[in-house]
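Take a look at this one; I'll ask things after.
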Amino acid sequence: MTRQRRQATPRTFTLPIRVYLEDTDAQGFVYNASYFRFMERARTECLREAGIDHEACRDDFGVHFVLARIEASFRAPSQLSDTLSVSANVTEIRGARMLFEQTVRRGAPDGELICSGIAEVACMDAASRRPRRFPDAIFNEWS
Amino acid sequence: MTRQRRQATPRTFTLPIRVYLEDTDAQGFVYNASYFRFMERARTECLREAGIDHEACRDDFGVHFVLARIEASFRAPSQLSDTLSVSANVTEIRGARMLFEQTVRRGAPDGELICSGIAEVACMDAASRRPRRFPDAIFNEWS
Amino acid sequence: MTRQRRQATPRTFTLPIRVYLEDTDAQGFVYNASYFRFMERARTECLREAGIDHEACRDDFGVHFVLARIEASFRAPSQLSDTLSVSANVTEIRGARMLFEQTVRRGAPDGELICSGIAEVACMDAASRRPRRFPDAIFNEWS
Amino acid sequence: MTRQRRQATPRTFTLPIRVYLEDTDAQGFVYNASYFRFMERARTECLREAGIDHEACRDDFGVHFVLARIEASFRAPSQLSDTLSVSANVTEIRGARMLFEQTVRRGAPDGELICSGIAEVACMDAASRRPRRFPDAIFNEWS
């Protein structure tokens, strides 16, 4: 049997997000932690589009996903009332880890780059809270 | 048997809170929802000081507390780097409801009034999620 | 000259909002301060639909809006992955104050009531930070 | 003249932080973006201890600091009511960039590792919003 590891087929998901006061700070721009909220919304909707929402994970598969590692580079500021395009693209899935490449762009999905990031999501057994291979139904979605 | 209702003995709890970037917005001041986070921190510490933390509620009493109603008036703005005094004062406890009067002041506990509020907290059975009288140990704390 | 005060014509604005992990807390439901973020998003979009966004306020009118008072009653919990309908309805505008009635409902705009609130928004001079009558263009929008 | 670049002298700053409901999510643990808020509080207090707060930056030096890049690895979950020790340690300062190594530990500063991160902070001219060398007074603080 071969080791389970696949390059995910490229398929970028993009979520439009409006910047509200709650997302900004007194320096006049979007607060840094807000981008991590935005990136998670995009990952959630990316997975939901593939039929994998929080409830399916828990009830059908007995797992949940947790963020194991994330990095983000902030290239340009965004501000109140901006509309952002936040992407989530699964680039690799292997064992208990799934990699997302993510960008935040101003306006359209090909707009100015605001932030780029990489998120590593781990599959955890909901009961034992220990890492567990992604269920096949999820694994095969990105193969 | 008399109906359980008591005016709580006056005993004001005050929590010092520093304003960070995360709490502010692009208008240059503390964002309105941040005050509700601050007020809940103060209620939590007020209860903890009385020996009633989230874990005791759940494990010893089988209840948790949820916010049933809250109102706040914003009198003056506060801003980045301010230190605030956030008070929580139980003014009434009756049946499944506990009333807190709360203030946010700039600097010392008798500083300029930033925000005043009233929070009504309900005692819920942790299993059934239905309202339940406060356990005696909690009830008696404010009598 | 008559005193400026009008009952706003009824015209309810509703914004659909998805509940993400960021909005929930460890009790398993939406965290209370999240509803205040949701209600402000709805007020913002309600005003934007009427042509009054943060930028127009500042650049065209030299004002911004700040929350002067808010109250909310929490009737039922909402949870992760729910879609909510959050309404904002201007019910009165007078001098430097505008009143919004707001509801948060589960699913459709006539769904189960989660939260109801009243927000009082003040018009502030952007330069002096003092209350100021709403500009006529804004005042007349709700007359 | 030699190029300005220094290894900062090791001097770890640690900030105790209590976990409140606002910081958690419905999976029952601290929400990932909360750690970025915690890490920024620690950087802010680390700088404040060295006499460099937001106001000094802006008023004395005409700069502000913005987050240019951050990464974090999540090693273990933390939960409601935990007390955390959040460290911020300037490890390098050069040109317009300052590097912080940061950890979040459970309980004492030598407690279980929850999260480790690296933050790269840029010095921006407050007026032009362009990168600018750190003022000498700040630069020399870590030499």
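We just call them A, B, C and D in the order they show up, numbering each chain from 1.
The criterion applied here is as follows: a contact is a pair of C-beta atoms (placed from the backbone, for glycine too) under 8 Å apart; a residue touches a chain by one contact, two chains touch by 3 or more.
The structure presented is a predicted model; accordingly, all values stated were derived computationally and were not measured.
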item: Chain whose Cα centroid lies at the greatest distance from that of chain D; value: C
item: Chain pair showing more contacts of the two, A-D and C-D; value: A-D
item: Superposition rotation for chain A onto chain B, Cα-based, multiple of 5°; value: 180
item: Centroid spacing, where centroids are CA-atom means, of chain C and chain D in whole angstrom; value: 35
item: Between chain B and chain D, centroid-to-centroid distance (C-alpha), Å; value: 30
item: Approximate Å spacing (C-alpha centroids) for the pair chain A, chain D; value: 24
item: Multi-chain contact residues (two or more partners), chain C; value: 21-22, 27, 29, 33, 37, 40, 80
item: For the chain C and chain B complex, residues of the former touching the latter; value: 27, 29, 32-34, 36-37, 40, 64, 66-74, 77, 129
item: Sites on chain C touched by chain A in the complex; value: 18, 20-22, 37, 40-41, 44, 53-55, 80-81
item: In the complex with chain D, residue positions of chain C that touch it; value: 21-22, 24-29, 31, 33, 79-80
